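Both complexes below contain subunit A, partnered by subunit B and then by subunit C.
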Partner chain A sequence: MAIDVRIPTILRQYTGGAKSVPGTGDTIADLLADLDTRHPGLRGRLITESGDLHRFVNVYVNDEDVRFLGALDAKLNDGDSVTILPAVAGGAPAVTPGGTGR
Partner chain B sequence: MLTIGRDLLDAIVAHARRDHPDEACGVVAGPAGADRPSRHIPMDNAARSMTFYEFDSMEQLRVWREMDDRDEEPVVVYHSHTATPAYPSRTDVAFAGEPGAHYLLISTRDPERTEVRSYRIVDGSVTEEPVRVLGEAVDSTAVTTYMFGQSPAAVDYECSATP
Partner chain C sequence: MARFDNLLEASGGTPLVGLPRLSPSPQVRLWAKLEDRNPTGSVKDRAALFMVRAAEESGALRTGDTILEPTSGNTGIALAMVAKVRGYRLVCVMPENVSGERIQLLRMYGAEIIFSPAQGGSNAAVAMARQIAVEHPDWVLLYQYGNEANARAHYETTGPELLRDLPTLTHFVAGLGTTGTLMGTGRYLREKNPQVQIIAAEPRYGELVYGLRNIDEGYVPELYDASVLNRRFSVGTRDAVLRTRQLVEVEGLFAGFSTGAVAHAALAVAHEAHKAGQRADVAFLAADGGWKYLSTGAYGGTLAEAETALEGQLWA
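So, the complex of A and B:
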């Protein structure tokens, strides 16, 4: 069972710079646990303390966002391609009295 | 330092003005490793908010895949603040996931004067950098003035030879 996992730039420190690494698992949860055995610390960047997929990380199986496939319970098949992308997001600071807004 | 063409910068600012008062966001892609922004990709702000922006996850996948296919990378990641200055917020810094990109902030809080500042955000650390605009054309009819970070806030036209 071979899954190709695409790693975003910001997480390549865990894969020795590799853009993609192989993995295995029946679900995303299994896959991340498997990846963590060879790339310690990677899973911790994707899963929160309460065990959920981090809100601002996007994980895709082939062309679908896993949030629509059961998130960590999303099923994987041999030959699937999984892509991880950090969400691009941000917010304006609250306006403080005096209006500097920092 | 961010070096960017005047046309690209105008397009980014026009995008921010169009979406005001919602925050606008987008990317400028460029050839991988060249640090040269060349292809403007305005993105949809899926949050549609005046104080938050987020790329739609499927649009982001499409755009990132396209950049990969074309041997490009995101050189500039930009977004606008519509009521506050062009400084990155705590969330801007917390969610900066492209360590190689220039984070361009545009403030549209003033209807006539657009603030543009650029930053590197790596490992939670923010450093402002100068913006160098290429292809500066002199437009004597322009009413919008850009104020860049690193520019003096006041210009002394009566500067005398002796200090």
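So, the complex of A and C:
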């Protein structure tokens, strides 16, 4: 009874450097709570104070984005693969985008 | 009508072709919209043309001006062509880990390139472009990630073309980068048919590309509106290469690796529909051809070798 959870480089400080760790749970919320018992602090990096998934974190179950599967309530089954990734393709806001100049 | 007054006018109007051998059944059909038939060989010609026209109309861009854009390749190539035709100078900010063909093409069109570090991928290119924009306030940053004309290009052209050619369309699948293609096409198709399924296929790169220092350095393009999408898939390098090769082998379609990623998601939803006994017309967008990626070597050898060849590259 295990779900394989792939951890991105920037969060491996919580998993002792492990690229993937096993976890259990019927939903993403359960799984993150389970992971936090062995990898304290990990859940806090993924969930905001208001209890939602962090805007710059994407979580996938079997390659599908959980935000379209019920977010933290997304159902999990034994043998599922969960991938956590940071959202990319941008940078530090410095100017208002879209036709500057003049 | 296949006659045009100039090259810019020849963008869009791309063919939608059936893929009968890859389709699960005559009731569940796959279709590819071939965006390599645009003037510079990619879907980005549509966005480049619309963004430049919008900036001209607003008065932000005048003949002889300099356009600045962060791009991993195709948008830069498209903008370089439009800039050439319309009389602008183009400066591209591009990650140093893109394929050599893209750099050669940009230089051939006369564009200037500023390289951003491979680590951080497109994030670093965007951050650097924004910094350069501050230093050169007279340069015009079109900014494809947040420019409404990018999405509007697809709302006004790609969406209507799809529905005209395939009125029975049930699913539309495309790659997720700036999100412009999916936002514009998705909104148009949803307005015409609230039941349509809009599906994103996002490339999942090697770890190098995700080399952020912390989560707060992450970024979601300003154009992105999750409510337009029904589902979103992350497609790894191996699956993208596998499907890219399958498109050539089974259907004779030579496409770039991002198209392989999109085909992977399209096949997944097509087979789901087939299993559920539903009728479906699944159209996906083939963003470019494979020519610019031959130097990666990933079209030959084993899948594992291809995966290694593409490791650390922005293949979409």
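Here is the rule we go by: the second predicted complex is superposed on the first by the 88 of 102 C-alpha atoms of A that agree within 3 Å, B and C clash if a C-alpha of one lies under 4 Å from a C-alpha of the other, contacts with A are read in each partner's own complex, and residues count from 1 in each chain.
One rule holds for everything that comes next: a residue touches a chain if its C-beta (ideal position, glycine included) is under 8 Å from a C-beta of that chain, and two chains touch if they have at least 3 such contacts.
Please read all numbers here as calculations on a predicted model, not as lab measurements.
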Partner chain in contact with A:Ala18 - subunit B first, subunit C second, else both or neither: neither
Which superposed partner A:Ala87 touches (first subunit B, second subunit C, both, neither): both
Comparing the two partners subunit B and subunit C, which touches a greater set of residues in subunit A: C
Common interface positions of subunit A, toward subunit B and toward subunit C: 8-10, 56, 58, 60, 63, 65, 67, 83, 85-93, 95, 100-102
Residue numbers on subunit B that touch subunit A, as the complex places them: 23, 25, 27, 43, 47, 49-55, 57-58, 60-61, 64-65, 77, 79, 81-85, 87-92, 95-100
Contact set on subunit C toward subunit A in their complex: 54-55, 58-61, 65, 121-131, 133-134, 137-143, 145-148, 177-178, 200, 202, 204, 207, 209-222, 226, 229-236
For the subunit A and subunit B complex, residues of the former touching the latter: 8-10, 56, 58, 60, 63, 65, 67, 83, 85-93, 95, 100-102
Subunit C partner contacts - residues on subunit A that touch it in the complex: 8-11, 45, 54-58, 60, 63-65, 67-68, 83, 85-95, 97-102
